[in-house]
Amino acid sequence: MHHVVSSAHILAQESDSWINTDTFIDLFWANTIGGLEYGSIYALIALGYTLVYGVLKLLNFAHSEVFIYGAYATWFTFFLLGFRPGPTPELATGELIAFLLLAVVVAMLVSGTTALVLERVAYRPLRNRGAPRLAFLITAIGASLVLQQILFLWRGGNAEQAIRLLRPETLFTVGSASIQNLTIIIVVASILMWLVADTFVNRTRFGRGIRAVAQDPETATLMGVNKERIIMLTFVVGGLLAGAAALFYMMKIPQGAQYNGGFLLGIKAFAAAVLGGIGNLRGALLGGLLLGVIENHGQALFGGEWRDVVAFVLLVLVLMFRPTGILGESLGKARV
Amino acid sequence: MARARITAALVLAAAASLALSACEARTDQGGSAGNEPQADAPAEPANAHKPEGDGNAKCSNVAIAYAGTINGENAALGQNILNGVKLAVKKHNDANKDCQVELKEFETEGVPEKAPGIVTQMVNTKEIVGVVGLPFSGESKAAGNIFDKAGLPQISPSATNPALAENGWKTFFRGLGNDNAQGPAAAKFLTENLGAEKVCVVQDDSEYGIGLAEAVKEALGDKVVCNEKVKTKQKEFSAVVQSIKAAQPDAVYYSGYYQEGAPFAQQLFDAGVEAQLVGPDGVKDVEYVKGAGDAAAETFFTCPCVPGEGFTKFAGEYRDMFDKDPGTYSVEGYDAATVLLSGIDAGNTDRKKMLEWIKNYDAQGLSNKLGWDDKGELAETPTVWTYKVENGKIVRNVEIK
Amino acid sequence: MTTTKTPSTAKPPTAPWRTSISERWNNLSRFQQWVILIPVVVLIFALPWLNPPILTTEPGYDFSIAMFDVARYCLIAIGLNVVVGQAGLLDLGYVGFFAIGAYVAALFTSPDSTLWKIPYLAAVPLAMAITMVFGIILGSPTLRLRGDYLAIVTLGFGEMVRLFADNVDALRGNRGFSNIGAPPGTRENGEPLFVNFDGKPWYVLCVAVIIIVLILAGNLERSRVGRAWVAIRDDEDAAELMGVPTFKFKIWAFVIGAAIGGLSGALYAGQQGFMNNQKFDVLTSVLFLAAVILGGSGNKVGVLLGAFVVAYVPLRFLSIAEWKFMIFGVALTILMIFRPQGLLGARQRLLAYGRQAYQRLVGRGEMVSSDTAMSAEKGGLMNGGSGAPK
Amino acid sequence: MTEKNKNEPAPGGIVAEVAQMTEVELREHEAEVADVVATDREFAVGQGETLLEMDNVTMRFGGLVALDGVSFDIKRGEILGLIGPNGAGKTTCFNAMTGVYRPTSGQVLLEGKPLGKTTKHKITRKGIARTFQNIRLFDEMTALENVVVGTDARHKTSVVGALLRLPRHFAEEKAAVEKAMALLEFVGIADRAGDKAKNLPYGYQRRLEIARALATEPKLLCLDEPAAGFNPAEKDELMELIRKIRDDGFTVLLIEHDMRLVMGVTDRIVVLEFGKKIAEGTPEEIRNDKAVIAAYLGVPDDDVA
């Protein structure tokens, strides 16, 4: 990190110090809270990567598109409810909750369906043919491209115009951080979603199936687990969570519905999954939150334009020095 | 506090401009009775050149071309221009039965990478005597020398980067004012009209955004209290917003395009920053108004473009043909095409003659007085107008004098 | 010994048309091959002048420049094929090397850069050298990873190159560099020969470069280096245990791929005359990858074909240009299901002495892969390592 | 290859040619082949000296102890059998020798020098080669090329040398192909030299692995269950091949389940159980060893002779 940034500094010929420790200290709480907010969204998307990786040992590249379909679903839900781009409408609390719940259900359904279709159309034929590993990865890239381009050809290259139902308002401040209603909703709801997912995987029959297949597909099959059904289920669960993440993201960034808008989030969520320990549900949560916070502090230190670089560097460092992530693997093995 | 002061300044400015502007009543397409603009939009100049000419032109096998984004990124902007050109060509061809000018369209997707291939093809197409394009500064840079080499004149209806005219290209003409005009005007608006003492300048990474920001910063001098950078396609601006919040400016000038401008404005607004936001022509688009949500109503725009709502006839014809309102640079596209068409009507059916024709051109267009200096800049610097959002529409505010 | 003498077994049936072409070709002597090759090469060189009616991209896009674009993609595909096709390392950040090459050429020749200036022809090898250094820098930490992880890390590195181009002021972001240098030479009228509005000289230069690179890459392929790559691709652990220094050869693959990527970047910057930070995104990397995979990774003719399709189709059919990513995305997906080895499957000739050896052995030029066109067997890149995900 | 073969390829190729040879010619041919196979090796030097020594090697994986203080040595020119019930640690032992794993404690010494942190490919160059329990050939390469990869372990052509085709490249390539062909004949699969490894019959693949390992010119050849999946006739052929390899001066370490094969071909046997060495001796001694019998008797094994 030091090396990377210092060389950039020389090239940039900046006269002032390249590390803004003042900003870092001044905005510590603001960045921490903001980081948790983004981090909880990363965490939900990361769960999708982690589940699929755990069960199939597949980096599901197209998961970012599963997410962005949820974002579009959110937008269209708002649109069909009669809301239009422009100023935030005044809504009664009850109405607001009802609309948001409707949106999250639609987004989850759309993302879940997308994930299911992806699995059946793209990955299953490969499994049936016993295709080699890299074929899956290339298919994932191809499928990601196709899903993305469907949106591009249908909705064009620009982001959908912002529709927002809830105006962020500062409730109270902690140090430099202003805690907004949106922050609380996103963080709390994400952690709730994660809890549900964790309980599902660790406490239910289907969850046991998922863990069994992740640990040893062959034995699991011998023990009467229907592997194909478990794989489908895994994709769907990942999709549902991505759909929920999409709603939260759209509440935060209402301009988020853009055909290629999932890519960066997807990469970061994957980085989060790896950081926490891929295949590990708790790792996804921890990695997501941590990445969000580190990224925010990183941009305070080095400047906003380096935000994405921080995430990539983190990903590379983790893979190089601790490929099993912080918590290590639990659903399956991390290294091939 | 700041807001109150700004409002007061605005009222004063508005009153002044009302007093200065002509008093003839005009129907206003855009605003309702309660939203009278603070300055009148100019009407279609009576002496404006017309693409239809006198209707007696004779020519054959001659074409003009549009090159630029059509379906690529930022396609809306390209479509606006192309439609303006199409309208001009249609009017010309309808009026002149013996001079049917063909309009050839070339898609560059707005990327510099494709420009040389496309432009080379254009210069190799002999019937093309003049080109409307290229819309963006990057692609213009990549291919301007090809026009120059081939002697094919190009009138850019929207590339405002000043450096483009400094390449010594003899075929480059700019159909509108450049950022050097807009920058000082914007600074003037910020300090005088809005009374801002502390300004944050935010620039994107485009040729346009950087150039304009430089011009604005130079004119603002020590009133610039922070200078932030954003990137094309960026959607998340927390770092920039935090820095601006910390700098506590009276006003923020966003030098970039609406795609990033809209979410930026919204996040600035959400964070409770009360500084007045001002954006340039790249932000002045209905997409911004829809994209920025609550923040849009609080934004001013500067633009070296004349308010189009006075051009009722043009707007009507445009709507009839394309079923939508003219957008940013539609008028400029129309004007540029008219220059070329009138040249053809005057018998300038080869490139050399056309180049001479444009060089010597001196007539009122719909938007600007069109006549060029040696570098291809408009000889008469066009005025810069400010705009604001009212009821979800962009309406004119004041002319910066 | 007698017990181990097994009668010659019948070869598995092969698809007659495919085998016959490649086999017939390989049965020809070097001389005969050249007799056929030379006219073909001459024809390829002459393409921009011939401007054949059906092939032409006009009136939408200048044909000579289109042909240069195609040639540039071919060069890129050859470079990426070394990494992906030969060594089986899925590199999703290849555009990074391309970008570095282009930036080096721009930085050392464009008047917009503050660095000292050198002639374009000196900047090209410099670009290659610097990209090779970057190949080592990026390769040494990442190449210990495998499969999916390698892919994602290379993707990360590619993005980082792009972000540096965006963020570092000296690289001028979107403003870019204009008047990038070009090779010397003038026309009869004293005008410079290499200009951005005439693709012909650039095309000839690029094709010449491609031929040299193909010969050199072929040399590598038919040496212990090429064999080591294929061994690594097939089974890295086994290769290591058979004495192949796998890490070293993976770095070499990366570095050689990087050099070719840098070379094509420098050619691109020179031909364009202007370049900025656009178009170095992951999508472009995927397009490069599609060129390699579609044609058949590991097969030089295949990747040339793939590169031709990827570069040429959007220029020839400008009306569907915006569909290109869709089309290639669908093609990749379908191909992986039905024909993972690509249009032309991998077919190596790994032995310089293979020809004689096989001639002695079976009395014909070369043993050709007995894969049939119908078999969806693993091929090329598609046989890396540990089998399908369970 | 003989001069004759090089200059006048017979119409049917070398296989047909060999098939037409008389008994005497065949002997001569075999001798030539063996000669090429054994090139550059100190043939029969220091027979009986210690070649490889396992010195108190312990391997731990988490809580599992796969090898527990195992010590034995392998002498030059012998065939050593390594046996034991499933999970006794035989393959772990192999992996520790070939550098796949590093011992948790203890060390492996080759010709008196500890292997220490030597990387896998360097261990191969130092003279230990192996085959795999589950065949791991380079599927996309021809049989011949697979073997040539083995010979490459001894080659010195650099990447630049290969790129520019410097003289050494040609010399090495030529020698490699000659030697690889000879090795294929040696193990008896030369007739399919041009086939992709994945298309070879199972038995051929096993033999090809042996040829590939021999190509690295090993001092010690480790065979990991080479007879797995063979029928009795094939096993006999394999025994013959292993003996032939030893007779050519190689040292062989053999892991095998098939007791008949192990007893029939080895000079000495080391028995492992639960990661510990329980016995060591000649086949005769092992056959009568109480500990071994106890270890094996629990599991009725038809193969125990």
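Things worth noting here:
Should a chain be cited, it is by its letter among A, B, C and D, assigned in written order, with residues numbered from 1 in that chain.
Criterion: a contact is a pair of C-beta atoms (placed from the backbone, for glycine too) under 8 Å apart; a residue touches a chain by one contact, two chains touch by 3 or more.
No experiment lies behind these values; they were computed from the predicted model shown.
Chain pairs A-B and A-C differ in how many C-beta pairs are in contact, and the one with more is A-C. Annotation: 78 Å between the Cα-based centres of chain B and chain D. Averaged Cα coordinates give chain A a centre that lies 39 Å from the centre of chain B.
Our note on geometry: chain A versus chain C, Cα centroid distance of 34 Å, whole angstroms. Centroids of chain B and chain C (each the mean of its C-alpha atoms) stand 43 Å apart. Within chain B, residues 72, 231 each touch two or more of the remaining chains. Multi-chain contact residues of chain D (touching two or more other chains): none found. Listed for chain C are residues 166-167, 322, 378, 383, each touching two or more other chains. Listed by label, the pairs of touching chains are A-B, A-C, B-C, C-D. By the touch criterion stated above, chain B contacts chain A in their complex at residues 72-76, 228-231, 235-240, 242-243, 246, 259, 262-263, 266, 270-272, 287, 289-294, 296-297, 392.
Within the complex, the chain A residues that touch chain B are 23, 26-27, 30-31, 34, 38, 84-88, 156-159, 161-162, 164, 167-168, 170, 178, 180, 253-256, 258, 261, 296, 299-300, 303-305, 307.
Across the complex, chain A meets chain C through its residues 8, 11-14, 56-59, 122, 125-127, 129-139, 141-146, 148-150, 152-153, 217-218, 260, 263, 267, 270-271, 305-306, 308-309, 312-313, 315-316, 319-320, 323, 335-336. Residues 1, 5-6, 9-16, 18-19, 26, 30, 98-100, 119-122, 124-125, 129-130, 132, 136-142, 144-145, 148-150, 152-155, 157, 159, 162-165, 169-170, 172-174, 176-177, 181, 187-196, 198-199, 201, 204, 207, 212-213, 216, 236-237, 240-241, 244 of chain D touch chain C in their complex.
Interface residues of chain C, counted against chain A in their complex, comprise 88, 90, 92, 141-142, 144-149, 151-153, 155-157, 159-160, 163-164, 166-171, 282-283, 286, 289, 293, 322-323, 325-326, 328-333, 336-337, 340, 376, 378, 381-390.
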